[in-house]
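I've put the structures underneath this note.
After this come two complexes, each holding chain A, first together with chain B and then together with chain C.
Take a look at the complex of A and B:
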């Protein structure tokens, strides 16, 4: 009898402990956000590899500048460096896509891109303009923890916006370093649409995580876009008016 | 044969067992029967047109053969409730896992040039909340040529949803899913119609099955009635029909084992075989009762088999010869039908001899004279008619001959009136649901069929290639089969308008490359470019036309494509002759886009403007300056400046002839870097606006000379005046372009082109086979030639019948001549055989009368039975089959006519000339 009571006590304590110490989905997301590399400005030089349904690859070199505008808003300048036919084409996204401008060097002209094109694919990649500027905060998603194993947490995120093109996201979060390893994007009918996978990260001294390689696969179209960062510089000094129409018209950034 | 007959007599059960087993096997296999009536599968896959068309699916992701169109008809589409319902349907269909893309009014994108840039928006950005907003939306859409009358019906009540499925989707299931969505959402007050190649194919399959299920028993009943009327015997008429049905079943079973599919035409097989094969059974039973009366049941089967096997085999071989000649046709429904029918005839022959022999051996009939099939009454209508005929042939030869010639000449006069026609209306009939479906879509939404211009080039981004696409599309637009072109070029025209303010393809390849980004963002456009980026498609809506018109349009289209330069060289305008080349191009393009001035006048005007530099069009006019600052508005406002202020600065700079940067720095206090930046921006805008002014001046000049306004589409040609290069046709040029036209209407035309040629080919082959068999049987070249005459006349006049009755040549009627030869030659064989037998013991007159009254009676009854069965096809819902059945039946009756009249006269003449020769020989020997 004593043995039974002891076993019961251990059992109860174990599960109570699990309940007491287990993280909620929101806490996991908060931790992911906290472990994201923090910066005010960032410059990334790397490449985009576009893989079509037949497996044909097309590589484009690019440079990207980011600025944390606060309130979860980010401004981005994205310029293609090669190949020759896309060289110089530059995109400016202000405050997470509130305004998006495109500079076309051949026309020597900047144009504002408006309307539903934001949800269209970004320059032939599998990312939409929205995808590029999206975060996974509690403002935008209701999250639940679906399960966990030795290595990962499994979360389900449901967009709060009724007009979202996604029905839900299933996110796999690394238990040790708190970054999302994989996100499956499902359409509103529950069919898998896109899969984002992080292939390589760098853990900085302060414990924050920099993503170096990731891929996004459009499952429906069977297209893949891989992003690889060759160099990442953070908190670089940039003029106040750097994220402007004027900047993206410069031959060199 | 004798040993086989003996074996069957002694061992009927294995034969019956095998017959039973095969019947069960083929019946079981019949569950796999599938119907496929896709015109792109009419021709073999190695046919150049087909293989090219099919290869498009592999090369172009956007070449979606798996798709369906959903038409919705509301009392009024433009109410908030109905638009909301439409959006709900579109979203629900879009969420189906098999659906790749849904395009409808509620999610169609459009590119709009705005003050600041490009707006890619949905045509219906937000659903109207009230009646007024819905009315406003309707009003706005009425001005949109791409939507009104195409996506939305011109009365504003109907709309269509275009659904394309993933390549991996099971299309039938995908369509069922769409139907389920429509059912679940509840569209009680909405008329829903689905349309697409698969819908049509499925509808045709249903009809083909219906034909088999309903027409076969009716044809059997008719044949039974006619045979019983003629022969007055129940058992003897039922068994031949059962044999014929089994033959059809076996033929279809073998086709299933061969993995073949059926078409609408082959669905008529049971009816046709019922008519053709039943004669074999009749021959057997007739002979059996003859032998049984003489020898008793024990030896009757063996004697019957020995007696009828060869005639039935010869008859089957001639009929099969006719059908097998169709195998030479490359049009799949025709060659397949030839194969199935030949197999059916062969099985009919086997069943009517071996299986019937085994049946009679296993279940002998008690000896009685009642079993004879060809009983009938001596004084019945047939007898009286044949007696009258023999009398006329013997005593009114001249009248009969005149009648024969008159009928033949009259019918042959119809031959030149034959048309080739494969339109849906002609094939299915105007009342058929498929025709109504096609015509409903045609009337409400324009056409739903597409033709494509395939364009190939080493570099698709080359402005010359893109411009050629616009030119060719502009030319082809005049044809019904090439309406509403859409291509990368049309998209680039829109984009360039948004970027520069004019609808033209820039001559600068870098600009094209910049615009290409938007092409890559669009799934639709990416789908129109091949994987290697060297091929693209211009898509045209094809309105249904007659086959003749389609052919004419295609000939002209191909001639135009042939006339286009295929290899050119880009030369700077300063090179010798480059200006002339550019002027010629502009003038040709202006004429192509509808400018009606004489070529010389146009040439002079274009030269005049080509020589003027754009700088000549820079003015201090306020509207000019306003245009410049508006062009640079984004940059000006980004610097925190006011456009009006900058306009003043620009005016001052132009007036004083000083750099604008200096005034910007001095008057507006900009730092040097900002002043230089804005100065550069303004100078780019100034050049752009001045160039636009130059072209507008050219437009005004032409309009003044022509006395009427030029359409917006003329921008394409007018803005070529700004080019700094010309394209010169050059064998060694590095810019290449190649074209090809394809699409289902084109394949339809290809089928048409082949119909005539293959008709002749299969007919000649049928004649050759039949003549060879006649030679074998009659063992005389003269006799075989005489026996061929009625069938030659039958075939010739059958074309006349088609011409006079306006029956077009199509995949079904193409086969009539071959069938007529195969089936009709039996009459000539039987008739000749009996004649030559009779003439050995009787005079010519007696022989003719005996032949007509005996063999003639059998022929007449058989022909009436066959024709009666075939006329049942007139009950089919499919026009093509109605015509096919009636035509074959009529042609077989014509065969009887020519056998009775022409063959009788010729045989009598042969006998008369033979007698004359004998007399001469006798006289000379005396």
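Take a look at the complex of A and C:
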């Protein structure tokens, strides 16, 4: 009897163990994607807080529009509302950065941003033009599950593109609500470069997760950008041509 | 009559928009600058306050006001300037159209330096190589109307019923003319000059107008434009020189603004497979009215000097690249802002800047070379941003080249500017 119970226990533990590791990295990412708040359009009003190495903070208010273009592509309009020296500076990213434009009111014209410029930092923040373009889709990475504990999954994502500025990403995914709590970005030499952390989320009635506060730290430069959303509106009606060079030249958005 | 009507309209717009100012959010810049000319051992300084505001009249209509207040220790010309007063319609009056009407500043062209298609606004006078020289423009009364044919293609109409030329102080114009009279044996110090300028016959029925079609072709954005207008600098048409009994030269100059058509092409884009490079450029084919300067000498001899005879090209073709907070821009210029006709000459332009990790420092270097005579200008400096809304620029300019060369007379100076945005 004892031997039978022991065998049963081993079987149950083995089965549970299989259950615990039942999800593959791709399935976890799919679940993260599924639990991500779904919208066709989104408007976020909030602020960016830039924190330098000495801890000094500078705040920039912003408004951001997103549109899900399908095929894992997103178009973005991002405008600074303050402070005065960057007020009105507006970024347009079409289809996850296929084309990126910058409008600077002082020059009264729209500039197309070059490919390599997309990895440059945007207006003193720690976000690159690519980061703001939401230009990182899960199909861009080979993913593996590195481990898990009671609260989180730990994934490693390696960019498929050989010319990627990142060597790998290590992502911590909340087991219960399937959102990424933290992503460590490593450079191609294997050194930690940036850390993105999600500090506050809202779980909507349908179970989807909306990120309200996050921070991006450039570890190499010891500089942090915090992004905080004051209001988020989803599925707002926007004209078909809203994400265009025409729109970013408007006095108000 | 028409001018009075236009002035009335402008004043009306000013009053209309001015009435909103009390309730408006005003933003702007305050700039204090100083310049020391090492060659002339002369120090200049000044203050510029730029105030702008946008009134939201409805969700589709806006009022824009931009005023400039200037003071400088010398040549404090036009201390108060209206940069823009306009009514702006977005998706108005129709869904597919935008417009601005009023005193406008309009920027055309994709290139970063000396665009030859950006010719709708005249420019103010500037003594040095500063922002006033490259960035500032004089607004013109106009309608700028854009019809969006699709997401990526549009047709723009510019209509200007009153002519406005570059502002050049009379003493500068006289100095320029004097140098051209030296071959006739006229001594500047013993000369009395009278310049009479004839303005072009521009009106509501015969306006300056321009069309521009722009859109996307693959990875490039392109535009084709046509401007039907006039040169913005005055050129002498007839000069009568006589010697007065007291030994003074009397020079009567009748000048005017020749007609011109400008066919322009602008582009900005990337090349597939060439990561990181952006190409930007503007090319203009300028067709001038034939313009002959007739000089009548004291003994009655008439000399004809052709000013504009045949069409000519101007261009600004460049590429830029940025990596690791470093930005490099290289351009080939055919003609600068003031060179026209036979005076158009080729230049090379290089700009490099680098931003420090804490984003506070941005040292830069500009180099311009005349391919015609080898003269050069170096501008070395740095921007410093101690905190949000504050910006300090320090630069050193030095030119090399013979007297009378294209760039040799720029001189040597140190310039400091402190800007506060509010």
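Heads up, the rule we're going with is that the second predicted complex is superposed on the first by the 229 of 253 C-alpha atoms of A that agree within 3 Å, B and C clash if a C-alpha of one lies under 4 Å from a C-alpha of the other, contacts with A are read in each partner's own complex, and residues count from 1 in each chain.
Following the convention adopted for this analysis, contacts are C-beta pairs under 8 Å (C-beta built on N, C-alpha and C of every residue); 3 or more make two chains touch, one makes a residue touch a chain.
All values reported here derive from a predicted model rather than from experimental measurement.
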Exercise. Taking chain A as the common reference for superposition, should the pair chain B and chain C be classed as clashing or as fitting?
Worked result: clash
For this session: Quick one: classify A:240 as touching chain B (first), chain C (second), both or neither.
Result: second
Exercise. Is A:26 in contact with chain B, with chain C, with both, or with neither (first, second, both, neither)?
Worked result: neither
Exercise. Touching A:195 in the superposition: chain B (first), chain C (second), both, neither?
Worked result: neither
Problem set entry | First, second, both or neither for A:104, with chain B first and chain C second | first
Exercise. What is the contact status of A:251 with respect to chain B (first) and chain C (second): first, second, both, or neither?
Worked result: second
Problem set entry | Touched partner set for A:85, first chain B, second chain C, both or neither | both
Exercise. Which parts of chain A are touched by chain B and by chain C alike?
Worked result: 52-53, 85, 107-109, 111-117, 120-121, 124, 221, 244-246
Exercise. In the complex formed with chain A, which residues of chain B make contact?
Worked result: 61, 91, 95-97, 100, 109, 112, 114, 116-122, 125, 166, 461, 498-500, 508, 510-511, 513-517, 520-523, 526, 531, 634-635, 638-639, 674, 677, 681, 684
For this session: Quick one: which bits of chain A touch chain B in the complex? Just the residue numbers, please.
Result: 52-54, 56, 85-86, 89, 101-102, 104-117, 120-124, 187-189, 191, 220-221, 244-246, 249
Seminar exercise, completed: chain C partner, complex, touching residues on chain A are 52-53, 58, 60, 83-85, 87, 99, 107-109, 111-117, 120-121, 124, 163, 221, 223, 240-241, 244-246, 250-252
Exercise. What part of chain C is in contact with chain A in the complex they form?
Worked result: 27-28, 54, 56, 62, 64, 88, 90, 98, 105-107, 109-110, 135, 146, 148, 150-152, 154, 216, 219, 221, 268-270, 275-278, 280, 320-323, 325, 357-359, 387-389, 391, 421-422
